[in-house]
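Read through the structures below before going on.
Note that chain A is present in both complexes that follow, paired respectively with chain B and with chain C.
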Partner chain A sequence: MKASVSWLSKIRHFYSNTTIAAPVTVLIVILVLFSLFVPKFFSFRSFSGIINAATLNGALAIGIAFLMVSGEFDLSVGSNLAISAYIYGNFSVAGQPFLGLIFALVVPALLGAVNGVILVWTGIPSFIVTLGTKYFYRGMLWVITTGSMLQTVDVLPMDKIFTGRLDLLNNLISEANFRNSLFWLLGLAFIFQIILGKTKFGNHVFSVGSNPGAALGQGVNVARVKILSFAISGLMAGVAGIFLFSQFHTVRVASGDGMDLYAIAAAVVGGTLITGGSGNIWGALVGALIISTLRTGVVLLNIPFIPADNFEAIVGVTIILAAILNMYISKRK
Partner chain B sequence: MKKLNVLFAVFVVAMLLVTACQPKATPTPEVPVAPTTPPVEAPVGEAPLKLIMVQHALCAWDAFWCTVEDGIQTAAKDMGVEVTVLGPDKFDLEKTAALIDQAIAAQPDGIGLTVTDPVLFKEPIMKALAGGIPVLAYNAGKGPVADGIPYMTYLGMDEYQGGYQSGQRMIAAGGTRGVCINHQVGHAGLDLRCKGLIDAFKEAGKTAEVLGVKGEDAAQSQTTISDFYTANPEVDSFLTLGPSSANPFYAFVEASQPQNFKHITFDLTPEVEVAIKDGTTIAAVDQQPFLQGYGAVMYLVLNKRYGITPALPVTATGPGFITEELLGATVDPAKPLKLIMVQHALCAWDAFWCTVEDGIQTAAKNMGVEVTVLGPDKFDLEKTAALIDQAIAAQPDGIGLTVTDPVLFKEPIMKALAGGIPVLAYNAGKGPVADGIPYMTYLGMDEYQGGYQSGQRMIAAGGTRGVCINHQVGHAGLDLRCKGLIDAFKEAGKTAEVLGVKGEDAAQSQTTISDFYTANPEVDSFLTLGPSSANPFYAFVEASQPQNFKHITFDLTPEVEVAIKDGTTIAAVDQQPFLQGYGAVMYLVLRQRYGITPATAVTATGPGFITVDMLGK
Partner chain C sequence: MIEVNHERGRNSLVWMENITKKFGTICALRDINFGVQKGEVRALLGDNGAGKSTLIKILMGIHQPTVGQIYFEGRPVKIRSPKEAREIGIEAVYQDLALVNLMSISRNFFLGREVVKKVGPLKFLDLKNMESICRSSLHDIGIEIRSATERVGSLSGGERQSIAIGRGVYFGAKVLILDEPTSALSVAETRKVLSYIENARERQLATIFITHNVHHVYMVADSYTIIRQGHNVGTYSKGELSEEDIADLITGDRES
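Our next item is the complex of A and B:
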């Protein structure tokens, strides 16, 4: 009897102290339920499809979660994604993929930092600042590209590294369609989780997010932390842009539009608090996977009155449920 | 200040990088309104072409045909081609069929004919098509689908529209209750005219009905009309379907002296001409035989020279409406004309528009008119509206424009119309009715037909179940494409459905398509509505390797071109921008020189289908 009580309390302790526990549990429950009840769901085709679908959203969500821990939002990541894809695409087509790679990361990071500078400088909430830059960045992209789509049918060798098919794995498992982007995502999540959880800078991000006044009092350079967090959010939008062009060889001015909100949804579903000061990079990735699993489940269920284009309703319910769960857990703390 | 400089520098660098090396890339046009690339280039250039037209009647012994032949010869002169018109010396279908054989033997570059008897003419037409000679029908026929002969198109009257637009005109004149006086109930064409009238009244919240009269007995018909009017004195709008009902109608008017009525009739006779002049009749509905002849030659030439195909199985040359104003106008084939086209984009900065402008300049050269193309130096609707004002100030003989913003453009367009300058829209617009601006017509893609004909092509290729992959559910044009596909499958006794994907997230879209295919493995026909859905579709094909599927997509991109060549994709649906430019100039010129008006509110320039054969040219 005593043993079982301690077992239960251990679980309780785990759930109230680890932000990632809840989303992982939700993901597992959904996966099990879908595997049992959704026809054709339990397959490597589905699993690899779910991961591939989360490629762009997952990359954005890593940066967004980092930024949200510092207490801010970034609605301009969708525009930054498109800018990055155009930069990488144009350089790649011109035979300069390495230069393209560098600029496609640096420019969105700088544009992200610009968001931070405006925020620190003016004190306007990040929601408003990035709402403005979201439209401004995309508007300027429209003007400069004259609305032209960029597409190439050339084979670009470097793309294999980012998003090529992971045939080593695919050949072993029938129907599987894993891509290299999987490793990049895992690697980036690992790095940013280390930065957030194990470094002094990460500590500062948490303290700025939970109580900026107190952080300032402890000598934390709040402005610097916020600007850098915005730069990271921009940087990850750059990564997403590179993924987009390297896999699909196509970018349009409208690419990534509205994905900012999906990324925020992934972070929230993944246990990151909207008020800042709490969150987890792995959680954001899991949040992106939950959203993409739900979509796959809905499509495979083939319910006539919930077509895939009505999927937004399900994402909406998921966000609210996740927020309730997060609130409940943080209160128990 | 320092911070501001830094911000500015970052932005400038960012935007420079976005455009870095752009020319080497392969950009294709995109939203707002120009979603396709130039189609195939002119296959043969302006080679001297030889066409043969075979008719079941000739100007030599039937005056009606003089107008048709005038259209043919005018087009031949405009386009610099040699046209021979063949026909029997009296009505003789056997002889006409023999003339088709004779035409084929001469190996012309195209044949136009009147399909008076589809059963008798099928064999010779199939022979011509098998020999690679393009064939189209004019004046007589029902279209390739109804006739069961795969010729290009049939140029003739849209009977339904004849009745429908007559109804609209009578309602606009104050009509409240209508009657369609049908002298041959059961005749498909005449019944369609009545259906059009009734629908127009119904849409306006009013009623109209059919009154059958015996066309062979004028006296009986007059009494029937009179009795009907006595029983229904509230009827004030009368449509007669030809001389057989118009003639007893005029007798009724003379005898019964009804007051405040509106009358429109089909076909212009001397009696109708007098009635239009004295105000008894609003207009005569005309099938515009000149346009039948002109259009037949034009489409054959455009097909041969530029790979253009007519968008619809039936290309409406009528209804045209002959009003008092038009009766007074004089036909002047040599009238020097100055036209101005105002576009929201230009070839100078958007490659898509080079094809449109090429169409404009080719038509201008062919028809011997002076055309100026105006447009802003970047996407700027305010400036475009200002250019319309500038165009009006120049007092041209016609203005063509892209109605990108009907609210903003309404005022300047109304000003032009008030000044007596004919106006039409091309490439962007929804038609005079939907835009709420009474310009002549809108030349652009028929979205519904794009989906419908794609469905027919996939079914013909063996497709049994279809899906329309829509990257922007709720977009009126894209939804219409899907509706067309679904209707085509439904008509063939098969099913098709819509799959919504998120066009902004290609990775998500690919997985959604893959999931849908897993849940519905019997789906074998995929329609994608543009690069935003075609691109993830190709990623799905590469990853999931579906077998034996059929795929058609809208808009030709480099990726689609490769897919058509390697057999992944059957065809790309094209809005035929060349025809938009060419047609805009042509209709303005025909209006000014011959009083021709476009038959329908929307004149379809697309869908055209770019297949592997056309890419090869």
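Our next item is the complex of A and C:
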């Protein structure tokens, strides 16, 4: 009896103190529901498929969640993703994959930092700044590539490392089709969650997102924190671009368009406050998984009035429900 | 009324001498003399727009005086930013700008002065240490908290004020500037906050208590400086004037 009471209080404590409690619960609930009601859903084939489909959004969502904790958000990550994919692709095709890797990370990180610099200098809200750079960055990409798509049929030297099949796991589980990108995502989420939760810089990110005036009053360099957070958002868009080209060997000028909003959706569904000051990187990954699970479930369900192409309707409902759930939990604290 | 004496003023902890501040053609402050001594609670009284916050912003380094000189511990100083003010020991506690609501008490306590431990070349927050230092140092000045990991947003206004005051005391502030610390508090909470101010006085801190309402400060202040429309009305010691008299001086219903 006593043990069960302490268990209950532990669960309650977990719920009231962890921003990822709600999204984890949501993910488990929809996984169970789909497993019960959707034929063929409960299999490692669909689970690994869900994870693979969440890779790009997950990478973007890691950066977006970090940035959102600092109180800003970034609509230009979709454009940055395409820029990174072109850089990585062109260098790789030319036989310089390592150089491509470096530039595909540094350029988006710098473009992200430019968002931050504009924001800090002008005081224009991030919505407007990144709406502008979203179009400007993609426009510049069009000019530089003259609008032509980049495609290769060759196997690139670093494909295996980023998006190759994760045979270690796949050999253990029949039907599973996990990819190496899963490792990278988990590693990056781990690193950025540590930075956010366990370092001085992370402490400053939270303070700037919740009350910039108080942060400034305590000697926090608010401008530096914002610019660095934007750079991290850009960097993760660079990672997503590398994944994209590594896996599909194709990039168009329009690649990644609209993914910015999906990433924000994943962060919000994952428990990050849109107003800043609260959030969790793992939650953003869970958010990306929730969206991906819904898509797979809807495809398999074959509902007549919700075709797979129209699963956006379900994402929309999920975002609003997640926001309501987050608000309810934070009010109960 | 206490006569202005520059010689004596310069020997107190903080002395702002002949401060004039103009914003364009508007003269916000004219020839103000204001200071506070160790172990003194000085009320800075004035109606809305009288110039209280301008004067304090000059002391905090947010504004520079057009004319005038600040002395700190007897030496002339130039305070160029809130950071510089804090470095010499001037700590301001603003009602909305003191603490970050979504962060825990201990993370707030150490914000900008985090305790880190080294793991190889990396530095991580020493959260356990921060929590225990925060808890014990607040306890030392009579502030009890339920848990250092509790979010500040769930605390009452009085608890937040007291934590901000406690933080200033712990980090060695010599001057505490409190901006309307009790104006939004219940009677019981106001008493508590006043008791922390008395505690700070016993520790020989100088306290500047800014308010437009004399009732809030009458219990605790040792002396009062009243300003009206950017002018010094006068400085009075405790017991010299009734609450009524002070209120009349603030509004200008009575001349000094």
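In this text, the second predicted complex is superposed on the first by the 324 of 333 C-alpha atoms of A that agree within 3 Å, B and C clash if a C-alpha of one lies under 4 Å from a C-alpha of the other, contacts with A are read in each partner's own complex, and residues count from 1 in each chain.
Note that contacts are C-beta pairs under 8 Å (C-beta built on N, C-alpha and C of every residue); 3 or more make two chains touch, one makes a residue touch a chain.
Keep in mind the model is a prediction, meaning the values are calculated, not measured.
Colleague: Taking the superposition as given, does A:G78 touch the first partner, chain B, the second, chain C, both, or neither?
Modeller: first
Colleague: For the three-chain arrangement built by superposition, which of chain B and chain C touches the greater number of chain A residues?
Modeller: B
Colleague: Do any residues of chain A touch both chain B and chain C, and if so, which are they?
Modeller: Correct list for chain A: none, the interfaces share no residue.
Colleague: Touching residues of chain B toward chain A in the complex: what are they?
Modeller: The contact residues of chain B facing chain A are 3, 6-7, 10-11, 13-15, 17-22, 24-32, 349-351, 378-379, 470, 473, 497-508, 510-512, 514-516, 518-520, 531-532, 535-536, 539, 543-544, 557-559, 561-562.
Colleague: Would you tell me which residues of chain C are touching chain A in their complex?
Modeller: Chain C residues touching chain A: 82-83, 86, 92, 94, 96-103, 107, 110-114, 116, 123-125, 127, 149, 151, 153-154.
Colleague: Given the complex with chain B, which residues does chain A contribute to the contact?
Modeller: For this pair, the touching residues of chain A are 39-40, 43, 45-46, 49-50, 52-57, 78, 83, 86-87, 89-91, 93-94, 96, 103, 107, 110-111, 113-114, 117-118, 121, 140-153, 165, 177, 243-244, 247-250, 252-259, 262, 292, 295-296, 299-302, 307-311.
Colleague: Per the contact definition, I'd like the list of chain A residues that touch chain C in the complex.
Modeller: So the residues of chain A touching chain C come out as 17, 194, 198-200, 202-204, 206-207, 209-211, 213-220, 273, 277-278, 333.
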